[in-house]
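Look for chain A in each of the two complexes below; its partner is chain B in the first and chain C in the second.
Let's turn to the complex of A and B:
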């Protein structure tokens, strides 16, 4: 699927042929999707490395945001989406703040995570949060110890959220069901067991 | 008494009401003392968690956050909140939907199924920025509300990420070395102290705390070292998720890495509560994993 970058002068083309970069598994559509979902012009990246240099995850792992940016530009979909490092971005946006090309590498990562999820590639904790919100409306729900503490504070045991007003839960579930999120989360979690 | 107060729909989020309810209690009381009424936003849900939901499917994140905004639209009130993560979801989605017709139409198509419509009629604020804003509260009014100055307490400020960054989409100015929360801390009579790499992330965001706890804690550990180096009595933040990461994180760091810091972690509203004379019991400080007692001894 890689697009051939050709030179009009056939002699030159022949001469430079083996200098061209052909990645057999390159998918140019991948870059378009990353740019579209992440709303950032990733192809403008000139690989200065300010992003990796600003990244709190980089010094303690093999996660390199600059590498992901390059791979996105090269259409290396498979490499990006199957790399466990994809999930080490804390989304702190330091790279985005400092990018001299005014790009948002953080949002490119978020886009790649969205694309990975479409292929069922997603860490379990993300899916468990979906299940919790489907059930209670909260990613971090109330518990008995906390209810007792709230009472002592003079607060109601249940906060003024879906906890106190569970009649709002069907609406939330409808939104999640619209995107089949709970169904997919349940399925992926079950398959992983 | 509160006839002239500014009124906001109080978006609670998850961790404040369900893990550190003292933040919720403090936010309501301390805000009232400086002229802000926080009214219940009935039926709100998780913001939803920008790291977890945004990573899976941004469209769901937009729709779920929009639902929370619409609840405030129905009250005819701006939203105030106390968590950077919630700010990312609620402020950013509100902002995006207001400025992107295509996105708003897509979200409204889904909201229609539950008889809701995003109209774009309210704004979203972090309480800390309302405290700093002289047209709403201002540092002077905060200082005037103090009955028990936190004299002698050296406090590190952790800004967190999602309130101010990405800077180009926000309105807070400099994100490399901001000082406005230090001003709010100084208004309490405490001494805000600078430390290395102040703007570094707590390590918890983006789903990393759940995905790779040791990795998240290693980032936290670096921050704890930098704070310990300058000898702080406590660290303050404006994000319950950062609070959880620093507070419970210090216990987890001790278990995993053997390092011990014992630095109390207090949300700015808890600090403000103490400075306005609230007792540790009224703030449920006993729920904190790291003992707050050494800090209290210093100030009480």
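Let's turn to the complex of A and C:
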């Protein structure tokens, strides 16, 4: 267990915090959960960095998918689920395409997001996206600028989606309701205000 | 002909081994032993800590003597491990060694059922009961001795094959060295320098090539392939295809009555030849003519006509003149040789790394493989030893080396194994460019540096000291600048935890190695197994690394798995030594698991003759009837004929139908009669 010292100054306490990895602080079940939800053998990662090297997010952020794989192996549940970087994956699957161990790091990240969502740890913009999908069937709905551009290109103003066929919206809502996604998004957003 | 003998009254001894806790840890050995005592025909049952120890073996011998046993069962490990031990113990007790039967209660039981002691014990009882049933019906058998041909064959003329051939020949054994290309030397002759000593590869190889060429005990057969193999240890009948070379040697000229003729290697023919082709020795980076040699140090120094390219204009024939060495009408010839043992040294090819699209090989000009690098940095290579960019001929100043290119890859595209010598030659490459190009920076992208050999770690230290930059990260992808043809190597420096985009002038891919295209064909001809990834399978990875499961066939070099030059030469010497043993002994014992014809039952239909995969059966006239006859030395006891014979006229020694039926009954009836 991490050694705690009784500094009076809170800043100093944080600065000098024990940062060693102690096995009892980790949760071995976390790796199993990630592997089970993500359906990928995360423990077979050999940390070559092909994933981060392929990642379009990494050069522009502090997101390091390789580190999430490492933390999963070590059972560092708290660090993974509370790290805002978890939400910077674009799910492009480049890492999954190139992983020499044939793993799916993207799916491991998605598994961690699922686990985080269960604990209501989700960035607000993701929740707002949920609300938009519930409302329009789109995470990024059509707008006037888009409609004008489409018209200019000789396309119909509305694409072949729920925008053109709103009668399919109830189906999408049924799925979201089934997983209580909208309900949870509304609740978490309201609690945060 | 064998007689269907039944033992008058079987008296069986059963011995159950604890193997320390290997067996006793999950199987109740005492319970198995007590159970054995209740089985029919069992006279004595005992157990011991280690049956394979001397006291354990003595127990068997003593029991045979005291109890007048007719059969012995040991319940222990796999017969692959200790069957010979217990057969000897049985023999020591005065019983025929083939009256021994083994029940495997370790590899196939205690080790796999470690956490189910009750079920494991029950299974061990089954195994003992089945073995006792067979032991009750076992018969005396006598191994057959066959003489061994005092000659050996080595397939593959690389450094491994050459070393094996030299050792065999120097041990006084006539050796045929068969090589598919026009010269011996193999991959090693394509290399510039060797790690970690930085010896010039050709300089240390050519003396060996000359030794092979001059050795009177070696018959060098270049441009020759194995066509067909028949026979068995001691008596392999090998058919070789001598491919039409289009050029005759001085000896062949003499045989044709051309005085002072034959190829002298003068090269006059090359100058006049109008056909230009890429030279495969230079990996296509230099031209050659339709009549060619690979490089100046070839052995034998005889030119070869590439009949796929030759237009038969006849200019070379004219240029050759009175030597009359060129024969454009030459055809392939088949020749037969008889050898006692065989060493396979068929080497390796480079994995087609263009299959890993992300690194752009064959797509980007300045991405090359390590073998291409070897030719470019070699003084006798196409550029005279100047490393240049294929796109513009400029000298690169920043060179990236990509390790594990296609190795340690579980995607199904690359190879799952470590190719084992790429780390070291890439370090050597870094040294070579530092030495030759002032101001150059080698960037080595690695996952782990595997410098495991003697003086290898010290070499790693030296190259790091010389200024090579090591980046711990596997290369994700490479992009080409379409204007400059420079390359952007994308990876993560995993130690820094930051993605990098390294602009370099040239990328060298340390591509994985794989078995040669011919390996599969050759191994099938000799009946040798291969592992999942195509490398030829040794008899035992630790205790018999040179042998194969086919008696009389041995392995040397990379065909058995990736290895560097020292390991290849060491294994070649081991294989040569192993291959010389049966030849020096003069005869080999074959296990007597032969098929036997019960002539009274044989109808002479001959169906078995066509089924036999080893051509061991034939039909003969005997006492006015046609019956089948087995050539025992050829029979492998596979049982194909015995299983098929419609009249039940074939007796498989040691695996006879009554013996197998007794085993099945013992299992299914649970000991009830």
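As a convention for this text, the second predicted complex is superposed on the first by the 140 of 193 C-alpha atoms of A that agree within 3 Å, B and C clash if a C-alpha of one lies under 4 Å from a C-alpha of the other, contacts with A are read in each partner's own complex, and residues count from 1 in each chain.
Rule of thumb we're sticking to: a contact is a pair of C-beta atoms (placed from the backbone, for glycine too) under 8 Å apart; a residue touches a chain by one contact, two chains touch by 3 or more.
These figures come from a predicted structure and were not determined experimentally.
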item: Greater chain A contact set [chain C / chain B]; value: B
item: Which of chain B and chain C A:8 touches, first, second, both or neither; value: neither
item: Touching partner for A:58 - first (chain B), second (chain C), both, neither; value: second
item: Partner chain in contact with A:102 - chain B first, chain C second, else both or neither; value: both
item: First, second, both or neither for A:37, with chain B first and chain C second; value: first
item: Chain B versus chain C as contact partner of A:48, first or second or both or neither; value: second
item: Partner chain(s) touched by A:155 [first = chain B, second = chain C, both, neither]; value: first
item: Interface residues of chain A shared between complexes with chain B and chain C; value: 94, 102
item: Contact set on chain A toward chain B in their complex; value: 37, 56-57, 60-61, 87-94, 96-97, 102, 104, 106, 110, 113-114, 117, 122-123, 125-130, 133, 137-143, 146, 149-150, 152-155, 159-165, 167-168, 170-172, 174-176, 178-179, 181
item: Sites on chain B touched by chain A in the complex; value: 10, 12, 14-15, 17-19, 21-22, 24-25, 40-46, 48-60, 63-64, 67, 110-111, 113-114, 116, 161-162, 165-168, 175-176, 199-201, 203-208, 210-212, 215-216, 218-219, 222, 281-282, 284, 287
item: List of chain C residues in touch with chain A within their complex; value: 358, 404, 408-412, 414, 447, 472-477, 490-494, 497, 499-501
item: Residues of chain A defined as touching chain C within the complex; value: 46-55, 58-59, 64, 66-67, 94, 98-102
